[in-house]
Amino acid sequence: MSRILHSTEGRLALITIVVFVLMAALSPERFLSPQNLTSMAFQFPEFAILALAVAVAMLTGGIDLSVVGAANLSAVVAALFMANVVGADGGAGMVALAFVMALCVGLVAGLFNGVLVATLGLPPILATLGSGLIFTGFAIAMTGGSAVMGLPSAAAWIGNGTILWIPVPLVVFALLAAALGWLMSRTSFGLKTRMFGANPLAARYAAMDTGAVLIKLYALCGMLSAVAGFIVMSRANSAKADYGSSYLLLAVLIAVLGGVNPYGGYGRIIGVVLAVLSMQFLSSGLNLLGVTNFAREMIWGALLIAVMLINTLAKRRTS
Amino acid sequence: DAHAKQMATVVKIDGIAWFNRMREGVDEWAEETGNNAFLVGPAQADPQQQVALIEDMIAQGVDALLVVPMSPEAIEPVLGRAMEQGITVITHEAASQQNTQYDIEAFRNEDFGANLMDRLAACMGEEGEYAVFVGSLGSQTHNQWVDGAIARQEEAYPNMTLVGDRNETADDQQQAYARAQEVLRAHPNIKGMQGSASTDVAGIGLAIEERGLEDETCVFGTSLPSIAGQYMETGAVDGIGFWDPKIAGKAMNAVAMMVMNGEEITDGMDLGLEGYGNITLDGKVIYGEAFVDVDASNMADYDF
Amino acid sequence: MKSFDWARNEVLVFGVIVAFCVLAAVSDPNFLSIPTLIDLMRNGIVLGILAVAAMVVLVSGGIDVSFTAVAAFAMYTTTVILRDVAPDLPWPVAFAVATAIGAALGAINGVLIAVFGLPTLIVTLGTLSVFRGFLLTFVGTVQISNLPSGMRDFSRLMMIRGTNSDGSFYSLPWAFAFLVALVILTWFILNRTMLGRSIYAIGGAPESARRIGIDVTKTQMFIYIYVGALAGLAGIIHASTARIANPFDLVGLELSVIAAVVLGGARLTGGVGTLTGTLLGVALIVLVRNSLIVIGIPSTWQSVTIGALILLGTGLPAWQAKRAEARAA
Amino acid sequence: MTDTSAPLVTLEGVTKRYAAITALSEVDLTIRAGEAVCLAGENGSGKSTLIKVLVGVERPSAGRILFDGVPQTRLTPTAATRAGMQVIFQDFSLFPNLSVAENIAMTAERATGARLVHRRRARERAREVLDRIGVDLDLDARVERLPVAHKQLVAICRALAADARLIIMDEPTTALTEREVARLLDLIRRLKADGVAVLFVSHKLAEVLEVCEHVVVLRNGEKVADGPAETFDAASLTRAMTGRDVAETPPEPLDPSASDLLKVENLTKDGAFRDVSLTLRAGEVLGVAGLLGSGRTSLAKALFGLATPDSGRVTLDGTDVPLGDPIAAAGAGIGYVPEDRLTEGLFLEQSIARNIAVGRLEAHASGGVLNLRDLWEEAAEWLKRLSVKAPDPQAPVRSLSGGNQQRVVLARWMARQPRVLILNGPSVGVDVGSKAEIHAIISDLAARGLGVIVISDDLPELLGTCHRILVMKAGVITDEVAGGEGITEDDLSHRLAS
């Protein structure tokens, strides 16, 4: 037990469980109802995937504030393709093609960030703030600001379908989280990412291909954003430049709550997953209790600070 | 009691004056009918947050969902799921909504826009330059009002000219103020401005007052007396139009109840609410005649 | 102080401002006029004060994203208190209350950062949500357009008044004097007091500062309280000049403000930043946000333009620095 | 009341514990006005901790500190400064973003208790101190742009400006060239004459014995020797520090048939070095001597691709090495152990194993997937081979002492099996014991046919390890001497300085 409490993730897991139990205790028949559990499972994957992207960027000591912009731009491009070229009766193959297009847009957006950060040396926080505005701007310019509709019904599956009663978005998120966790801990790319985050100068002196690592990393963030954008599009049956605008702060909050060090070098995907879950439990639980959504925001912030305080005090105690 | 229905009104954003007024209506209705009707809204103006909130309401097992969509397209799927589960779905301000049993509109948006234009034109002496403002370029309602207004001007007031694009204000008074300043600089001869978001005319009014152009210009738009009142007092804003969200809230709940009771909605029906005494039914859209014209002379009658 | 390179961002930003003005003047000869200038100055007041606050934190090596929530909190709470308790108090009282509330919220950041040693970004990210959430949950959500008389009086205090050729007025509110006074005060603190030099010292090398006996905790407490106070003041000025207290206002501006400060040459890593640069950065952002129509950029392309400007403004110096580094190595 | 005959500083039974580690154990120490005391000891013996305790940065766990015979309870940095204690830390602790004048005057100005900045007084104070030690620096220059030696001068000036009665220098000579060290020692002598006491921390035995009256040796936090400098010589001091004798092994003579390995032709980089040509043979250890700013580091970085030369050519075994690309240079078989281990060499919070493996992750991966067991085993293998004293390859590298950290960086490069290894200051901040072991590693590398380039300010080190030594001045190679027995330290130092 005390071993568990010694790690950031261990404490976070405990917090997640406490939140779950608390919410279940406060409104047992509603919180634990199958509808509520499914509803939660449908809700969180979209911002959870964005949080994964932000977390991955933070591992390098950077940040990606353009995730929402990239997500919407990818979704808008895919939606325009489906609405105008494919039409409402397009099949799964066409939707898959649109998905690939979204991924490509995300990739290009990510590469753009990567070049800004790695090649031109912009501070990531400003580079991605600026590029995020540009991505959103392109999405607005392409759509005139209104929603793109008329998607084929096959497109609804990824956001609303289920596989063996498990929501597809949840499956996508689980696969992505597992793949990222594996990528970050078991591959040379992941290790390089974290080593770079820990000390960029030493990474260069160790003849690490730092530029390539960063560019690949931001490209990865862009593609994750595109997946999130596609899910949002599918769930909304439309794409628009300003969907999910409140997700950015939430994604950053989750990444940090998940124990990712925003100054680089430390962070684990499992932490992000736990943070996402505790946020969702809190959020849905409070909604069931009829607590206003503003209080929810306050509780999130307080939770973040509380976790940081606990981590710091725990570290002080051990040293 | 056991027959009380759970009826959730989900609005675009919680806390603002407009939806607080709507909450009054919902609460009043709950009181009158003994049903458990309540109003909720997300903390941020983001369609996705509204979707999440609707999901939570479905999970909670409500009997009826009454939604004022932030973005009608974005909530189609989730409303579809709600209807599949047998939940009664009524919407407001979303004439194009597919997954709804009835959509309630206080009026036809084009008519409302045209009405504002008539008032603007009368004030301007039917001639001169005017500009239009929308909360966001993506807002269907705002654009329909503006479309209606421009169509009326083109048809009826040939001596008036529209200058510039639709100015986007992000539903933010500061933005509206800055856009208005810019319009005033770019078009010194401007005579009229029409706002769409409730904060638009307030921002415009502030810019007008600062320049002392209260008498030279005419400003009309959708707003509430609590927001635009101080500018109507000085004449910086010449008039506003709106519908009473309190009555709209009641109307949504009333229609939902009728649907749940299996009553039929018919053209020309009387919902028993002011402005909804002789409704027009067009497909599943219910149109009322609930617009309220307010200017300095009658603003004291509306305390919200 | 005399080395040129300090001025690099400032010169660049100044150049972009001039280029922008030339472009605007070409497309609209009326652009270069007193009313335009006054409009821009008005629009820069609140942004300017917030940017000064953000700069102080950046110089000390921290980053604060909660100041907009502090401003909104102080502004709205003050208005509510005045409205409910004493609607007839004069505006200086309202300003003092808002400043005090801002300072108190700043002190909360200060305790978490200075005393508990938590990272500034995380703390302020958290307090951003907490302050805003608390405000909207417990204080209120409805915008107040019927401001207490003191605040209304303030909005009518004009410093400069004039008449345009077409008979309309232009006027610069006294609120602008607050910006000027706060810039002077902050300049004095940063450059003429030991406390201010300690802020630069902490931003440059925190460990060294500790070693020469600078009380880092106290200095950081001061910084966050001061920034909170400035934010509170900015908030009440915002409400007074806009004649409405809207609790949803201001939050969301924080990153643009920080971008303006960095455009002006402050370093995100701390220790470097000037008020001249900060004001130039603000001037550029205000200019661009409020003049795109004049130079014929449709509103659909505005966010692209502002994004590109941020990239250009931070990208050129970053790229130059990178090249210089490669040359020097 | 202060007792004028009392020693300036007295430490009685000072103990400092960090959790499980006892960094200082019952140390007694006395320093009198005008006296230079040397504090010697291996890495991690507690020298820096003693300084921190003395100036109130850390509170002792037990024991007393007396200034002028007065016990100090709750000593703070400010109180220590007021009492005239001034430290020049290993890293100088300057403010890179502030001007020279402000750096020099800040401590003194703070001591006056003034709340406002007196710019003129501060500048005068700075100017005065610079004049006192006879150097001329631009008062308005920003410190981050100054070369290392100048930074150190600023740090010394800052101490003097604060009316220091005791100046504590923590390894002040590691970043200085011989000539600058000589100037520093000269300066210390003058300070002593002015009645200022000096506590001098160093690994360099010769300097220690040259300027100090009194030597104190720490080992594992305990004082193991204390006496007048005359009673020590290099050997006895080394024995006191390490508890054993350390002998240097000179390099094996170079095989005359060894082939040319690295050829540098007319390499030029504007403002750094000019027209550099050299040949390194397989199995050769080539030294590069030069003063600070002579361009040695720039040259090394250029060879490793961290800087792009303007013109010239580098070939390895007759094949061109692409310039300005560290990945290509490393791929071609060139390795570089940087000057500053902590910022350029190591990932401090990361594990030892990762620090070693980071140079060749591809070798531990198939299709990008890491074989962690393989990675750990290899790291453990290297720790054994280089006799690194580490608890476990999974421990963070921060937990190691300086000498062991340096060996980790060496292991990283050795694991890549480079053809040419460039070592910049291989024993900077490393204790005597580890130093000899690092030298042994260098000889061993050469014996296996590697070409090694050693850049160092430590002339005995160059003389003891190199077959040949190039002398670099103002970016140009001006001289070449044979290492080993061929030349004395004085001789080499003369050639550098002339």
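For reference, chains read A, B, C and D in written order, and residue numbers begin at 1 within each chain.
Quick note on the criterion: contacts are C-beta pairs under 8 Å (C-beta built on N, C-alpha and C of every residue); 3 or more make two chains touch, one makes a residue touch a chain.
Everything numeric in this text was worked out from a predicted model, so none of it was measured.
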Centroid comparison with chain D (C-alpha atoms), farthest chain:
B
Between A-C and A-D, flag the pair that has more C-beta pairs in contact.
A-C
Express in whole angstrom the distance between the two chain centres, defined as the mean CA positions of chain A and chain C.
30
Using Cα averages as centroids, what's the distance between chain C and chain D in whole Å?
44
Can you give the whole-Å distance between the Cα centres of chain A and chain B?
34
Multi-chain contact sites of chain B, meaning residues that touch two or more partners:
14-15, 43, 137, 168
Which residues belonging to chain A are in contact with no fewer than two other chains?
140, 144-145, 292, 294, 296-297
For chain C, residues that touch 2 or more chains besides their own
133, 136, 141, 300
Chain-chain contacts as defined at top
A-B, A-C, A-D, B-C, C-D
Quick check on the complex: what are the chain C residues that touch chain A?
112, 116-119, 121-123, 125-137, 141, 255, 258-259, 262, 268, 300-311, 314-315, 318-319, 321-322
Residues of chain A touching chain D in their complex?
186-189, 191-192, 194-195, 198-199, 201-209, 265-266, 319
Within the complex, which stretch of chain D touches chain C?
55, 57, 76-78, 80-81, 87, 89, 92-99, 102, 106-107, 109-110, 114-117, 140-142, 145, 271, 298, 301, 306-308
Touch list for chain A against partner chain C, complex:
65, 116, 120-123, 125-127, 129-134, 136-138, 140-141, 144-145, 249, 252-253, 256, 262-263, 292, 294-302, 304-305, 308-309, 312-313
Using the touch rule from the top, collect the residues of chain C that touch chain B in their complex.
28, 30-31, 35-36, 39, 43, 133, 136, 140-143, 145-146, 164, 166-171, 242-244, 246-249, 289-291, 293-294, 298-300
